[in-house]
Every structure is written in structure tokens, then in C-alpha cells.
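In the two complexes that follow, chain A is the common piece, with chain B as its partner first and chain C second.
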Partner chain A sequence: MKTPEELKYAKTHEWVRFISDTEVEVGLSDFAQDQLGDLVFVNLPDVDAEAVEGEAICDVESVKAVSDVNAPVSGTVTEVNEALLDAPETINSDPYGAWLFRLANVTDTENLLDAEAYIKFCEEEAH
Partner chain B sequence: MINRLYLIEASGTNPTENLALESVLMDQVNFHEMILYLWQNDNTVVIGRNQNVRKECRLNEIKRDGVHLVRRSSGGGAVYHDLGNLNFTFLTDDENYSEERQSQIICNALRKLGIEAECTGRNDILCQGKKFSGNAYYHHNGKSYQHGTLLIHSDLSKMPVYLQPDPEKYKARGVDSVRSRVTNLADVKPGLTIDQVRTALIQACEEEYGVSAEMYSRPDVDVLAQRTAKFASPEWIYGQELPFDTSCEKRFPWGSIRLEFRVEHGIVTHVSVWSDSMEPDIIDVIPELLQGSLFQSEELCKRLSVKDHPIYRDLCELLKEQV
Partner chain C sequence: MKTLFERSVTGRHCTILPACDVPECTPEITRKSEMRLPELSETDISRHYTELAKQTFGVNDGFYPLGSCTMKYNPKINETAAALPGFKNIHPTQDHVQGCLELLHTAEEYLCEITGMDAMTFQPAAGAHGEMTGLLLIKRYHELKGNTQRNKIIVPDSAHGTNPASSAMCGFTVINIPSAPDGCVDLDKLREACGEDTAGLMLTNPNTLGIFDKNISEITKIVHEAGGLCYYDGANLNAVMGIVRPGDMGFDCIHLNLHKSFSTPHGGGGPGSGPVGCKAFLEPYLPGERIVEKDGEYALDPRGAESIGAVRGFHGNFLVVVKAFTYLLTLGREGVPEVAKNAVLNANYLKHLLETTYDVTNKGICMHEFVITMEEMKKINGVSAMDIAKALQDYGIHPPTMYFPLNVHEALMVEPTETETKETLDEVAKIFLELHAKALEDPEYLHSAPHHSAITRPDEVTAARKPVLRFPFND
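Let's look at the complex of A and B:
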């Protein structure tokens, strides 16, 4: 399982890449894509939607399961990765390249984990 | 660990009300509780959350025969339900949710009835290599459910009548249905009834969790009515209609014609026409007439009725047949 050092993670298995202090890119972690199995569909949020930390912002479908994607931080959606609509499997093959959406005016970042803490959290969850 | 096991059965066979109840139960189930919900839909096509309704369903036949059409919250493909089929839903919190354990309950219930089934983890549950239970899953707000069909004495000839036979007919984004070899459990175990399966399921569930099932009280009527309205709304059933391309063609005494449509959110946004007809004036204006129309044969025919011409009358018949 890959867990890049430079990223932050939520306990709901989203990764966060800081573009600046208040802008982030969000995707699903390698652990998440592995647990979900083959992704077949992605519903992206609307641009300008308000993301609230810990609440569902959009969802994905994998092997007959629809699962929430939670907002790992709060902010406003500025951009969504439309390329995923035609190629949801990219989340499986390249989880850290397959960003879902970008947020601006980011707040509520204090619950994010660093890579080391996230790896530990996943190990506990797997047991 | 599951501290309380609840049982609730649908009060009727209306699929919209039944899906609404399931959705409310998902909101209401507490941590360490498991709700087993048993329900039946009469004469119903159910499509998956992210499916394109037109790509999966033969809407004319569904309308003609008064079949219910609903969309569920979970993923997966399109299925046909009637009263020979029993649906189950296991609802609990994410922590206590286990597809392996829940599927095992189904297999244990059937074993009580003398039926050996194979549980293959996340996949469908099979008997003698054929599917009798299709399962799908939904994870939302820290709660999860697994639900599935149990074909007992369902009319298996209906499925091909209402589900789209030709996956190539519509080109669209959306989750495709997967065809499987299916079987009724009553064919494996003659005389098997819905009631026997229901009773065995409840018993197997109690044994697995080591607690007796209590009846779950029916949610508030107003809450149910509101949720029913959501599942009944065209926005929920059709609104996810994603853009698609489709075509129809036929040979007539005056020549052959092929129409290609681009449909976005149910509206025709582009039409191309190919024809060897000797009446270009009539043919060339077709895109102009049809663009902007709802993608329904009645609406399209209305657009063609601006001029009373035999070609338009034939085209209208073609659209009624193939759209």
C-alpha cells in the first residue's frame, strides 16, 4: 500500500494535497481503492458546492456498492476532475494521481493525519 | 457486536414505498443494532443508482404493461421483481456491517430448508452454479446496508421483456447490467414457499447474532411520505439520465432512413439523418424539426405532424417502434 509522505489523510480514507495554505486537492487513498474494489462510476460534486469536514460531498460506485466520499476538510469546490467520469478505474490504477475535486477557502484541517499516523490507523482498522 | 436485532416487514408491495422505508430505516438504525427488513415488490423493474434508465429498460413495454419503474440507492444492475421474489435488507452501522457474515446468514437459512448454496463473499449467492440472489450495497453517513433478491418462484420470462436486450443500442456513460444464469429456488426444492424462506431467514439471523428478533416500530408516517415522494420523483428515476447517443433505422417503400440522436437530460440536442429517399426537402428538415424535443415517441411524432406527408407518417411509426 502506498501512502505518500507529502500528503495528509482523513480517517474516512481521503487524501489531501495542499496546493497553498487555503487550497487543496482531494482523492481516495490507496487503502480506500483497495477496500472498494473496481471503481465503475464516480459522481462528482458541483463546482461552488460547500464542503463540510466529515460530511458526504459525493459518492462512488464499485462492485455494486455505492459509497460516500467525505469532505476531509471544509471549503468551496472550485474544480472537479471530469476525466474520471469516463475513466473511474484511474482511481484504482493511480489513486494519488486521480484527484476528485479541488477546494478553496479551506478550514477545519485539524483532524487530518500525516502519513505515519494514517498508516497506523489503517492497520488498526484492518484488524 | 450486535446488541439488538430488529425485524420489520413491508406493509405492501409498492416498490416506491418499500424503497422509502428502507432509506428511512438506514437513517434510523443505531450503532450495534441490526435491522432485518423483508419486502416484496409486485411487477417492478429496479435499476441501480448510476444506471442510464433508457440504456437498461424498454420503457415502451414497461409503460404498456403498467410495470413499476424505480431506482434504488445502491449500485449494480437492473432487475425485475414480482411476488415470487423475496427481498431482504441487512441494515447496521459500518463497524458491525459484514458482507461475509450477512451472506452466510442467507446460506444458513437455505440450509435449514435443505438447499445447499454457495456464498462467494461479495458476489452473488449461487445454487448449482446459477444465481438466485443478486446483492447490492450502500454505505452512507456511517451506516451500511446489504440488500438482495431471493428468487423463489419468480416469472423469469418477464426479465427479457422489460430489460434492454441490446447493450449496443444506446451509447452512454453509466453502469452496465451484467447478465447471469438465474434459477428459482422452487426449481431446486419443489414446493418451497416465500413464508418458509422468511421464517428460516429470521431464525438464521437470530442464531448468527445470538439474540432474539424484536419487531421494529414503523417509522413516522410523514417521514415515510416525504421519502416516498423523493423515490417517486422523475428527478430521482430519470434525472440521472446521462447524455447518450442512439439511432434507429428502417427500409420503407420510398427508401431507407437512419436517424441518429444525441440526447442530454432527456432532450434531443442533435439529430443526423441518412437516407436514399428522393425527397431531400422532406428529409433535410428533420433535424431542425426534432432538435429540442423530449426524447419520447409521442413528442417526436408531434414535431413531425407539422406536415402531413407519408414519409413523416412512416417515421412516426418507426419512432414508436424503436424509441
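Let's look at the complex of A and C:
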């Protein structure tokens, strides 16, 4: 399982890449895509939607089930990765390249985990 | 194949119908345009539906090991009984239906005996509807005791997806607890989850991994001691009916799937029936009317103000109950446990034939079903549960339940049921083993399966997300 050092993670298995202090890119972790199984559909949020940390912002569907994607931080959606709509399987093959959406005016970042803490969290959850 | 609209030819019609005996009237609101109905001859229509029928697959076509769905053979005598005029040509509000009331009363008695419950309603139309009804009983119980803080339902991760969905529908919050490594409920996790806010637990036993939870008495005790009630999802009753009873395991209410364990048609052949049974202390909350017997006369007795109210009209899908009752009479007291034993035997026989080749999650004896995981194979050469499922169709086998339970990756859940012969199971095992060998030697063959069916791999996601529900006329 890959867990890049430079990213931050939420306990609900989203990764966060800081573009600046107040702008981030969000995707699903390698652990998440592995647990979900093959992704077949992505429902992206609307641009300008308000993301609230810990609340569902969009959803993804795998061969197993539909799962909510939670906002790992609060902010405003500025861009969504429309390329995923036709190729949701990119989340499986390249989880850290397949960003879902970008947020600006980011707040509520204090619950994010660093890579080491996230790996530990996943190990505990697997038991 | 073409739709009826595509087959339509302007001016073509069926045999002339008799004159209409309903007087014509002119309603205030009439449609301004002609209805665009397809115009066809009777031959066209008949052939159309026969062609459609050829594209379906039912339990009469071949092996149908759809896990947790109990796709057993539906005896034809059930249909004969349900077609008797005294059952078929009645109206729910008519008098003089003593035979029908007696049947419902006796069916309730038999099913209560099988499940260890004290009372039952036949109103719920199928399993998930039964779950909702049972949860409403639990909700009413806590409400009347003034325990409105009890708003959480505990559901293990191996549960049927309908369990958390029904809980949410009834306004409960769902607490998901992980299974222990042996696939059973993790008792420590259950104890942690139980508390002042516990409304109840929903459990299937045997569970979706085909394991009978050896701690079942302890599980229901933990929940009861915390003040919650225990709901039994009867989807897997086929493995244990006539052997052990949910009521004796400590469950307070249950639903049955007459279209699974009790041999009435399932899926497109339905409708279903999901009777809900409960212990005496929950009986006042049941929906519908109670059927009471006095000196050989049957009467309907309305339930009191504590009832949750009707969940469906009258007595639910009555004719389905007639079919299930016929099945019970056919089996008799000795036949019911025989069903369960043979269902378990068939599952273990097939598991035994497959487990040296396939990765089966149940290591010991299973109950009525077992789960294969294609996880390793998928890592090696990309052959997934979906690929095997699709390839089975070329051999006239309905795929097992796929990608379920959720706690197993690349799952194929196989439930052969008791109505398959040893010869069928041997043949099926041969096909499964052939496909496994083929997967190793030519993965591409499986990726592109099925090779012989009219429809191969439809875009299921788009079909579900953007369904086309009407014919798109060109103009």
C-alpha cells in the first residue's frame, strides 16, 4: 500500500495535497481504493459547493457498493476532475494522481493525519 | 431484439374484440393527442414475449446458486393450490372466507412453531419490508417504555445491505461492528457498541459467510442486558429450519422470506412475502388484523391502539402464503429439518469439490452456503469474480451472488440449495474447475466472457444511474 509522505490524510481515507496554505486537492487513498474494489462511477460535487469537514461531499460507486466521500477539510469547491467521470478506474490504478476536487479558503485542517499516523490508523482499522 | 414499438406497423391489429359493454362518457379532461400504442398482430405479440422468455434464466433453466437468496425449485403443486377458485376468486372484504382465514391462522401457527415465535403478520410484501416492520415493532416498544434515547441499531459488517438501509428508513442510527477473524460476531466489539442508546441488534444466523455463530446465545444476552432487542433476519433460515429456532437463540422478532426458504417464486417470478414474527410481548404492536379461532370459527380481530398500523393492505400477498403453506403440508414435520440438512449437505459437497482449487473463505464445515474469493487470482492475472460469473453463463449456470459479503474481496457466494442432485453438483464443480484452469492459461477468454449470450456485458452503472424508461419516439 502506497502512502506518500508529502500528503495529509483523513480518518475517512481521503488524501489532501496542499497547493498553497489555503488551497488543496483531494482524492481517495490507496487503502480506500483497495477496500472499495473496482470503481465504476464517480459523482463529483458542484463547483462552488461548500465542503464541511467530516461531512459527505460526493460519492463513488464500486462493484461492491456506493460510498460517501467526506470532505477532509472545510472549504469551497473550485474545480472537479471531470476526467474521472469517463474513467473512474483511474482511482484504482493511480489513486494519488486521480484527484476528485480542489478546495479554496480551506479551514478545519487540524484533524488531518500525516502519512505515518495514517498508516498506523489503517493497520488498527484492519484488525 | 426489437421492442414492441419497433415491431409496430400502423393499422395492424389483433383479432376483433367484442363490443364494449361499458357506456361511453366524455370526461371533463381528455387527452389532446392520440395514445401512441404499438400496433401488432396477435402472432407478433406472442412471438415477442416468447423471444423475451428465451432470454430469461430461472430455476427451471438450470443451476442457480445465488447466495443468500435460496433459489430452490418451486414445486408445481404450490401453483395448483394457489389457483383453486376458493383462494383465487375472493375479495379481501367479502364474508364467508373461513377456509382462507383457517389457512392464514394455521400457516401462522406452523411458522411460529418453526421459528419459536408467538405471533406473526403476513402483511409485509418481502424481506426488506419485513425488516422495516420488525424495526418498527422495536421502535414502538422503546417509545412506549419512554426510552426515546434508544435510537441505535447494531449491525455486523457481514449483514445484508438491507439491514442498515431498513434501520436508517426507520429513523435509527446504524452502528456497524466488524466480524472477528473467524467470521462470527466479535463479542468485545459488540459489548463496546452496546449501551444506553442501543435500540437493538440485527443479525442473520447463519451469516452471509455460511457460518452458524457459535456464540449466538451470548450475543442476544449481551444485547438484552444492555436493554436492546434482537432482530433475526430470516434470509438464511433454510440452513436451520426444523433444527434450531431463532426464538430459542434469544431473538425477539424475525422476518421470513417465503420466497426463499418456503419455495415460492423469487425475483421476477414473485411477488414475495416477508411475514414478521415476534414474541408475545411485541404482539400488540403488530400491524393488520389478528385472526382468531373460536369453536372452529375464524374471525378477524382488529389490533389495538398500540399497533404500528398497517404496512400493507389486508393480509399481504395472500396467494404466496397459500403456496408456502402447500409446501409445508408437502414436507410435513419430518420434511422441514430434512430440507435444512440437505441444503447444508449440498453446500458442503460442492465446497469440498471446489476448495482445493478455489480459495474458499470457510475453512471448516459450512452451513447452506460458502464464499469463494478471487482476490489472489485477480492479483496474479486480473481474472475477477465478475469474469468467472460472466463465464458461468456460457455453461447455463446462473452466477453466484457477487461482491458480497462486503468483508470479502472479489467474493462469489454460492448457495446450491437442497433441490439439486449430486449429478448436477458434480457437473457444476467440473465447470467451475474448468474455468479456473482456463483463467490461468487464457485470462483474456474470461475477460471477454460470456461468449454465447444475447447480451454480454451491459453498462450496468449507466443503466442504474441513467435508466431509459420509455421508448424514444423519433418525432
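A few remarks follow.
Everything that follows uses one rule, which is that the second predicted complex is superposed on the first by the 126 of 127 C-alpha atoms of A that agree within 3 Å, B and C clash if a C-alpha of one lies under 4 Å from a C-alpha of the other, contacts with A are read in each partner's own complex, and residues count from 1 in each chain.
Heads up, the rule we're going with is that a residue touches a chain if its C-beta (ideal position, glycine included) is under 8 Å from a C-beta of that chain, and two chains touch if they have at least 3 such contacts.
Every value quoted in this text rests on a predicted model; they were computed, and no experiment measured them.
When both complexes are overlaid on chain A, the residue A:86 reaches chain B alone and has no touch with chain C. In the superposition on chain A, A:56 makes contact with chain B only, while chain C stays out of contact range. In the superposition on chain A, contact of A:67 is made with chain B only, not with chain C.
In the superposition on chain A, contact is made by A:38 with chain C only, not with chain B. For chain A, the partner that touches more of its residues is B, with chain B and chain C as the two candidates. When the two complexes are superposed on chain A, the residues of chain A that touch both chain B and chain C are 37, 40-41, 61, 63-65. Of all residues in chain A, those touching chain C in their complex are 37-38, 40-41, 61, 63-65. Interface residues of chain A, counted against chain B in their complex, comprise 37, 40-41, 43, 56, 59, 61-68, 85-86.
For chain C in complex with chain A, the residues that touch the partner chain are 161, 384-386, 402-404, 406, 409-410, 460-461, 465.
On the chain B side of its complex with chain A, the touching residues are 48-50, 73-77, 122, 135-141, 173-175.
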